[in-house]
């Protein structure tokens, strides 16, 4: 059994890890930290876990995380980079669900997140935890930078096109929509029910933190300079992410060939579902499941290809992907504990 | 492996059976019928099942359900009573999720559902599939009448009070609220998003079909005449049911003794969670899970006891309960395939 | 033109007052105070008011509210009682949307709200602002205690029964459901979208602040001792309130006579709509409108009468009712500025 | 008073017309037709209209619409073109909220809507009812083709850029999101609450009927060939539309100059609100109001301009715009009856 610790278990990616790990056949939940909720049984905060998770939150200084085999950081950025060095030194593997190790260029990281990086020596070692693109590295990794939810959809949607060299890499547009849980479990006016229900809006259109991460990752797959416009929006639903990706075709290519690019890219990927050309995937088809679905369109048979990508932002976009990485890191079957079916309706 | 057939797999209780049974370790999905969707792959209607359920719907006359070990009827009332006799004769067990065999008094059934009963010889044999109250009978049953969603909450909430004889059985009030999926997957104006979102209303307050079923079942546990006011309401959420039950105390009893009645009644029931006295259970704590939670209140320490009961109407209120019955009927562990944790948030 | 000031304009009852008063033909918005948002244009916080309300919030000490003809307090309880004495002394009328002057018994107030009352000399003078029951007093009032949203529905639903003496006053049950805006515009986890969407729960069932207010008001209409069980619930919708009221009949009375009690009581009330017997009013039929609708039921023709009552909690349950009172206090047509039709769908 | 008839009053644009016209000071509602609901009081279908609209639906053959001054067609496409000729001949003005007269090229219309046009002689005469671009023609018009909801946002968002010649007209992308009421009041599975709540999806991405209408209108403002990718999406909210428009800048232009293009274009338009550069308009800021708000962005100061446009699809996107046209056609103040403020929250 893998002994698992979770730092920052009170947020949505934390409780989602608990939901997945509590029924994972090879995991023993060992410690969940929260400075603020020290001593509170986890199930008192999340009654869905009553009778299933018997741990209480512990203050960070009251628990020895080096007894764990792996520690997940379900924290805001800036926490993992403080604690990861000691854990890694003690032989504990680390999976960070935040941004601390996602960007390889330290200067870009510091400019984007507006804090100094306190563990720059680990940046290079960290593996970007997107199994569909980095599986072998993840298997060997000790430190995982779990991708952001938006970047997961953008990469899995754009990469087959970039690798094939059939689109203008400098003119990519990603119009993305996320459920409100993506904003986290924070006491903020803007994400109150009465503010965000029956409402739709964009945010961060002039510039968003996920752009540099995504551009850097996309750049790995093309020698042309990547240019990306990324517009996130807030959808009045709890979970779910829908990215509508636009790229200009630069070569003659049939719809069948386009489709084949994606089918081939993902034919052995258990958690990516390439739907028939012209389909419209729905976010709910992934609700609660570790699954990303996508479909291609070519409006009026012109020179623009549209890729529709959906996932559950808390599962394939966060905690499910992190468990998928953990499975790979520990030599387990990649989908262990991740086989539940989406909740529909 | 148990070979399972589903009649009427296109509705919400049907797809919920598929979600649960597709990952059930002892089940082999064998046939799913739909007159209207003959030939359509199930996953084309429900993309959440892509890659997980490879069956197609079959017209009823194209499939031999007697090859199954058990057949679920996820149909409107009136269907199971037509087909159950032949199946039972062929040695196939039957679980009806509709109302055909819930009411023991044929005249009451016919008055309530306004159709003649075509298999009256089976009414007596049918076992009411509420495991917490009828487990032994279910184990031996060949024909299960799966309870209605509302009646499940009313029974599990009122019965400990009635058995203890501490409340006025003639003056029970159940103010119940259901998510919209309880109305089924029917093309009706009243349950359109634009009609039922951001809205709340009661329906059927002057008289509802679930009242006779509930009264008859409650009557088993008291010699006083049961009187029940049942008011259903429609909540703008997909899944979830919340019943607020009111009873007048007729005996001196402390809050601790009240609580003990429920704790004792359900201490060995894996799918009933008695929360601390004074708690407010939330429907989402059961979303997607086969779990019913309840909590007691005594407003201003007066002579009224209030029982708050929540469940997912499609799981413990329908398909999950049906699988729980199946497990019992086939000698399996009662919770097999039912251990996933509620989706929260 | 009536010069109007609003203290505490940043909350939902505040912005709702602005929505109504900005188009009121006899009102000149003069001052809106907010300690925290001093200097911020109101329309920057509420873009719905862009081009319609040109005022900015002022810190309380920067504005002279005695220049107003009337001041509304859209504040938490405890504020109006501090400021009302000076305003009244200066000849300014005061309408408090909070609880400071709703309860005539000072001891009950202080026990319920857990603060000392700092203007006890005004309690007696204050008029409870429910026009359907107190119109003449309101016309002559200088200080209005605007009723709570729940109490408005309970009173207008129960009073005709109590006045007629046909129900057991000691055994009233009010199962009430409110949209989330009723919880106000506060940065609290529990009312986040991701916490309260697709979810339903009760709260305060063991005891709620609105009970003493309601009991005291109901008691005015019967010589029997009023006993009330009040259970509030949170509905995943922004606006709307639905109260399901239960009373036991103590006299022989036909359904027609019951209906006549209500039709007679409200036949001259422009903002109460008695629907046909057996109707199921929907909250959305009052969305944004100053209207309360109700309908009677008698389940299975027994001895329980059920009254279904709906309103928009922010309009007839708060700000609309306050404007209705203002109209009466200033000798205007009662419905001036309140004639917009509910937003449906 | 203007005598108004409405053909097809049972749908959402119909009831929205009723909501607006019932309080319009210069309108007398005269006739509302519905073949199916003949004789039903309008307020029985829409209880929000109880006490406010006393008309009943009439079968089309039971009412003489030529007694009206103006007739609105709130019908599916294909109805207005059958009935408009006789009405116009009788001197009655006609406002069609459907598509019959929106496309000037008959062949394109017939290809797009897959029906023959039965009144081609009126196509040329019909005026496209977008007051901000065609005010003078509307004033003189007898037959109005009210724009589609999506096209309204796309035109008001793109036209200032096209007129100024600063963007690549051949490479416009409109990623649009609509509330579910845009799909109408039809008994269809796909728009049930349980299907479209807590869900997000695109539809019609490969080609949508609103594209030809929009392209033809946009083409009026540029000599370059317009190329438009239009991707509509369904948002789980009742009302509201958000269009995210992307265009490539082809000239050096500062953000201030971009902003000035829009400020100048709409400075005298009462129902278009140009927000500060970099704002994120919310759909709810227009809920129930005849208002379109927009804001400009320039991500990372690159060569793409993003225009965010919001409106209520049923008001500025349909019925409110139709009333705005009516006001102009009858020489009334343009905003008469359209001055209510958006419902927020």
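By written order: A, B, C and D. Residues from 1 in each chain.
Here is the rule we go by: a residue touches a chain if its C-beta (ideal position, glycine included) is under 8 Å from a C-beta of that chain, and two chains touch if they have at least 3 such contacts.
The structure presented is a predicted model; accordingly, all values stated were derived computationally and were not measured.
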Maximum centroid distance from chain B, chain identifier (CA atoms): D
More contacts between chains, B-D or A-D: A-D
Separation of chain B from chain D, taking each centre as the mean of its C-alpha atoms, in whole Å: 45
Chain centre separation (chain A, chain B; CA means) in Å: 36
Approximate Å spacing (C-alpha centroids) for the pair chain A, chain D: 39
Residues within chain D bordering two or more other chains: 12, 179, 181, 185, 194-195, 197-198, 236-239, 281-282, 284, 287, 345
List of chain A residues in touch with chain D within their complex: 171, 173, 175, 177, 179, 194-195, 197-203, 205-207, 211, 227, 229-231, 233, 235-240, 242, 244, 246, 248, 278, 280-284, 287, 297-300, 302, 304, 306, 308, 310, 345
Residues of chain D touching chain B in the complex: 12, 179-181, 183, 185, 187-189, 191-198, 236-238
Chain C-touching residues of chain D, taken from the complex the two chains share: 12, 15, 19, 22-23, 46-52, 181, 185, 197-198, 238-239, 273, 275, 281-282, 284-289, 293, 314, 339-345
